[in-house]
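In order of appearance the chains are A, B, C and D, and numbering begins at 1 in each one.
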Amino acid sequence: MNSFGHLFRVTTFGESHGPAIGCVIDGCPPGIAITPEEFANDLSRRATGKTRHTSARNEADAVEILSGVYEGMTTGTPIALLIRNTDARSKDYANIARQFRPGHADYTYWQKYGIRDPRGGGRSSARETTMRVAAAVIARKWLGERGVHVRGHLAQIGDVVPVGHDWSVVEGNPFFWPHAAQVPELEAYMDALRKSGDSVGAKVVVEADGVPPGWGEPIYGKLDGELAAAMMSINAVKGVEIGDGFASVAQRGTEHRDAMSPNGFASNHAGGILGGISTGQTVRVAVAFKPTSSLRLPAESIDVDGNVIEVVTTGRHDPCVGIRATPICEAMLALVLIDQALRHRAQCGDVGPVQPRI
Amino acid sequence: MNSFGHLFRVTTFGESHGPAIGCVIDGCPPGIAITPEEFANDLSRRATGKTRHTSARNEADAVEILSGVYEGMTTGTPIALLIRNTDARSKDYANIARQFRPGHADYTYWQKYGIRDPRGGGRSSARETTMRVAAAVIARKWLGERGVHVRGHLAQIGDVVPVGHDWSVVEGNPFFWPHAAQVPELEAYMDALRKSGDSVGAKVVVEADGVPPGWGEPIYGKLDGELAAAMMSINAVKGVEIGDGFASVAQRGTEHRDAMSPNGFASNHAGGILGGISTGQTVRVAVAFKPTSSLRLPAESIDVDGNVIEVVTTGRHDPCVGIRATPICEAMLALVLIDQALRHRAQCGDVGPVQPRI
Amino acid sequence: MNSFGHLFRVTTFGESHGPAIGCVIDGCPPGIAITPEEFANDLSRRATGKTRHTSARNEADAVEILSGVYEGMTTGTPIALLIRNTDARSKDYANIARQFRPGHADYTYWQKYGIRDPRGGGRSSARETTMRVAAAVIARKWLGERGVHVRGHLAQIGDVVPVGHDWSVVEGNPFFWPHAAQVPELEAYMDALRKSGDSVGAKVVVEADGVPPGWGEPIYGKLDGELAAAMMSINAVKGVEIGDGFASVAQRGTEHRDAMSPNGFASNHAGGILGGISTGQTVRVAVAFKPTSSLRLPAESIDVDGNVIEVVTTGRHDPCVGIRATPICEAMLALVLIDQALRHRAQCGDVGPVQPRI
Amino acid sequence: MNSFGHLFRVTTFGESHGPAIGCVIDGCPPGIAITPEEFANDLSRRATGKTRHTSARNEADAVEILSGVYEGMTTGTPIALLIRNTDARSKDYANIARQFRPGHADYTYWQKYGIRDPRGGGRSSARETTMRVAAAVIARKWLGERGVHVRGHLAQIGDVVPVGHDWSVVEGNPFFWPHAAQVPELEAYMDALRKSGDSVGAKVVVEADGVPPGWGEPIYGKLDGELAAAMMSINAVKGVEIGDGFASVAQRGTEHRDAMSPNGFASNHAGGILGGISTGQTVRVAVAFKPTSSLRLPAESIDVDGNVIEVVTTGRHDPCVGIRATPICEAMLALVLIDQALRHRAQCGDVGPVQPRI
């Protein structure tokens, strides 16, 4: 399935080195003002080539709006967005087409479909996430008009963790890192890593403020359940936590449960979700990214004839894919929220303001 | 949404203290032999009242098959399963109906729906998971006939972790613990905990062996994405990992990527999934459970009039809900797998055996 | 698929002669007052055994509410309804189990599933429609509170058509016939038919008044498209028309297009739907029912061994299944409308009252 | 919803006079050989400008394949198709943007969304059906390789019906008419109609041969139910019949039920479907198209300020939209069939060949 969401539904298409990538957004509320230029900022935040620490693919990623917008306003009909792949270098894929790269989807696509587009990873490339970010631009605008804001930062690279936290510095460094004083250390860390030819994992934290209580559907449509699926659907993700996540395992109930008072919650171990439904607190999600498997250090593998081979990946590749994953995680958070918001007013639009609200 | 799965679709219903709980399984392949008795084992593994370490609700949980089975065989039509709530003690809920228990879904249901069934947690009770286990009995039977087997164990209680691993002892102790020598320690640990009135979290690991390569759909229907949603949909879950999970963050690419040879994979950091599709290795998922919030130790909260109150939960409650969560996690793993298996043969039924297969 | 609707989602289960039939209604708005007694009227309108012109199965069809209702109000959680099959006569099905009845689903179920529940038609029995009517009781209540009312009548039996139209007499005769003076003629017609051992088809017309403009989704979720699917999903239906239907084929554009003025539409050839979206006029649907194929007059067929046989159906069977189809068609109309209403407010809840409205 | 199908899922986008129209086909089986040229024939059959009896829009309608095809083979990933709108004449829409045309979706889109793209009918234009035909090219290829073939013809224009039937002449005349001798009569009929400024309705019949028994899902996913929705989703359709359709109303059961023998069915009143599942006979569907409402003859209406106006439609418009609807109905039939075929093998792939098969 290449569609995401139930009511605000995003369908993406396109391969890394095909003619284009794009998406169709179905179910978007009408009357949202949007211009092609508004996609530029978030796409640039995600874009490759931002720093020497991310790979060198350099694309304008200009979004063309093909439908669903009339005189600058969404009309309620499907919005198609298109980005041409202008930097899909023509080269000989004959070699790579016959190899299975360890840690990649080459072997699994081959086994599933019996055929595989080997150009730049084909459909399994993280290039697909560009359209998630693009679609989320519209979602974030609608959410923002309702006081819901999404943001994120990197929370770990390899074994380096932030030793301070200041949201205001996150956008000011290439790592989305919340502690400015550590940035030189990270630069050196990444330089050494790149030199070594190896890669490393990362952890991203994303949050949503202003989410009213009541978003989310119990049981199988839980807000946290859908967030988990959304984050795990991003390339290279291996773990998802809501609120205290795995730290909850060693906690006592007296510690974890967030006390309530007329002035609000005393803490937020829950990460803003109880019983699958938002509490009104900040929704907080942590996401684990594995180290990229595309390395110039050789790996043992096999080819399509079953022969033992040694795989060496040349070309541009991020030594830490998690570095530019923050905007992607934000995008998925926004897409889940708008979908749940629409579903909530569908079923519970008759329910008036419920008291007491803290 | 109270339905799970796309083609093997389970819809559950029922409240903790209503007349009954049940489910409808739609899309089940015809020709599976099944009897009411076959549900007993897994339901008993999950059941409350198994040991003094789990709560005292004692129900026969006899499953009645209402439809979809003829002369002991599934017919392809929807299978409805019903369990009457025989131990729903009649008592006065007037008090609890007016309180919001910290760490529970009371407040969020109230905010969402403007109305709340307070009896035993209503729909948000873990009683609902009974039907997941029941539905998975059929899924596991179909999977088992194809060589796919699901199992699980507890991997952490509070800060206690297994110091050895032996699958053969897991079913022999009330904790699904993989190291028999630690069981007395755990007994003492839980006794002390129960005495203190507090609760603690837990981690469950579930695995599937025999999954062929090719199950799972790229992008938004990834096998790992759906597993994440499935596990996070279980009550009290706060985190999900596939393969090495959050440990991947501090790993190097040379360490994480699993080398391949004609004899198979050299390791399984990926947890049996690459690009959202099964590799043919063991699928491995870890799940974090928070400590239960229902404690006899008082908590600060508010009531429906906004007054400050102190909440004390009496009655039966597990000091560690994770202890009997293993069969539930197994069930969700099985339900995801059968659904993906059916989807795979729908789209790729034309694809013959793909070589090389390792 | 045994589920109907996207947001107000009804899943039915049960076979004609199994232990029970039932349904689960997911996505129902909270706060609707409902009691078990409220199902009785519509179920009775649909029930077999109403007159000598319908078959003799006589069941109380008492609906048990298993979940989703607390203190007489819907809670927003799934509503499970159950009816026990009390008149499922135990008899020997060995004979019928080996025969394929012409005009029935026996052969197609056999070919599809390789197994077939032969008892009373199993899942393919019109008994399933009981739960559609039950689910629609709740839908009609919600719609009624918003001024939307559904009603229907028989518009043809065999070659007999009404020669007058008076809504007030429809519920007063066993045929849901809109012209009282013809009822004796119909009684005689049906008596002669039953005596002959043959059966006849019928046409039902259902309408919804008070539907505001704007319900329905263009393209593949059109209001008329979903009505067509809904009606065609009823047993024995072979045709569906919206507004003028097939009569439109011979009309001129100047005749068909409904002129508009500040006082409303001048006519309603469209049947209340344009571009898949309601116009604010009466939504009108006509439905064709084939004659039942269960006859005591012998038919040529084959058995499961491929032998030529002669099939004679004994037991109770309606000579005109369309006679009691009116409440079923009404139910499907109501189910489509509530689902579209919820979807409309999900996407377009930001759109205020739109002028001019006629 | 702008998506059609459950497993072979087509999502269309685009407005009549926007930059482009397109679609995304998700769930397509891998390994189907396809080239851009293969779309040309069916698109040409549907295209406007074919004869003087259809409107004058003249577009190359060249399909660009953006994704999902590698070296001429489908890969199992989403196939995006794009057609640029090259003949979207720039003109002043200020006038038409303020008018509601009778019989069109202008008023209903306005009421639903509060905003409307007036250019050439926007999203409600039949231009959208181009992508249905394009998507069906792939579906028909897959079906054809399995012996399933779809075809159609016009069965009525106004009050003219065929007086003979010969499939071999259908593609040889601009009306898809099955009796060649009537073509001159139809030419004269259409010339007179166009001269009068009026329009007329039409009936299309489409058939599928080679459908094996067993496709279709009982209850709400019936093959006939989905065909009804599919056809009713086409612009201007007001009625759908399966098999004998509304003629069944006046039939006797002895006449309608199709007798069976080891050599097959004696007749096909059912239209190839019983209980929602294919019988193995020809699947036959009839579709009623209303006369187009875009006429140069004036109609009474209102404008967006509620003033009484007279609407006159200038520009190119078909006097009978049904004439080129045959390929569209064929496309929808093919799309329903491939989706049901994939769903069937998902659920019933374990069921071997079932005997006796006639």
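In the analysis below, a residue touches a chain if its C-beta (ideal position, glycine included) is under 8 Å from a C-beta of that chain, and two chains touch if they have at least 3 such contacts.
Since this is a predicted model, take the numbers as computed values, not measurements.
The pairing of chain A with chain B is characterised as same-residue: of all residue numbers used at this interface, over half are used by both copies. Residue-number overlap of contact pairs with B-C passes half for only one option from C-D, A-C or A-D: A-D. Interface comparison, A-D versus B-D: the pair with the greater number of contacting C-beta pairs is A-D. Chain A and chain B have Cα centroids lying 26 Å from one another.
In terms of their C-alpha centroids, the spacing between chain A and chain D amounts to 39 Å. Mean C-alpha positions place chain B and chain D at a centre distance of 45 Å. Along chain C, residues 1-3, 12, 27, 30-31, 76-77, 112-114, 123, 218, 348, 351 each make contact with two or more other chains. The touch graph of these protein chains is complete, with an edge between every pair of chains. Residue ranges on chain C touching chain D, taken from their complex, read 1-4, 6, 12, 100, 102-105, 107-114, 123-124, 128, 156, 158-159, 198-203, 212-222, 224-233, 235, 237-246, 248-262, 266, 269-271, 273-280, 288-295, 297, 299-302, 304-308, 322, 344, 348, 351-352, 354-358. Remark: chain D residues 7, 27-31, 76-77, 218, 342-343, 345-351 touch chain B in the complex. Note for the complex: chain C touches chain B at residues 1-3, 9, 11-15, 18-22, 24, 26-27, 30-31, 64-68, 70, 73, 75-80, 82, 112-117, 119, 122-123.
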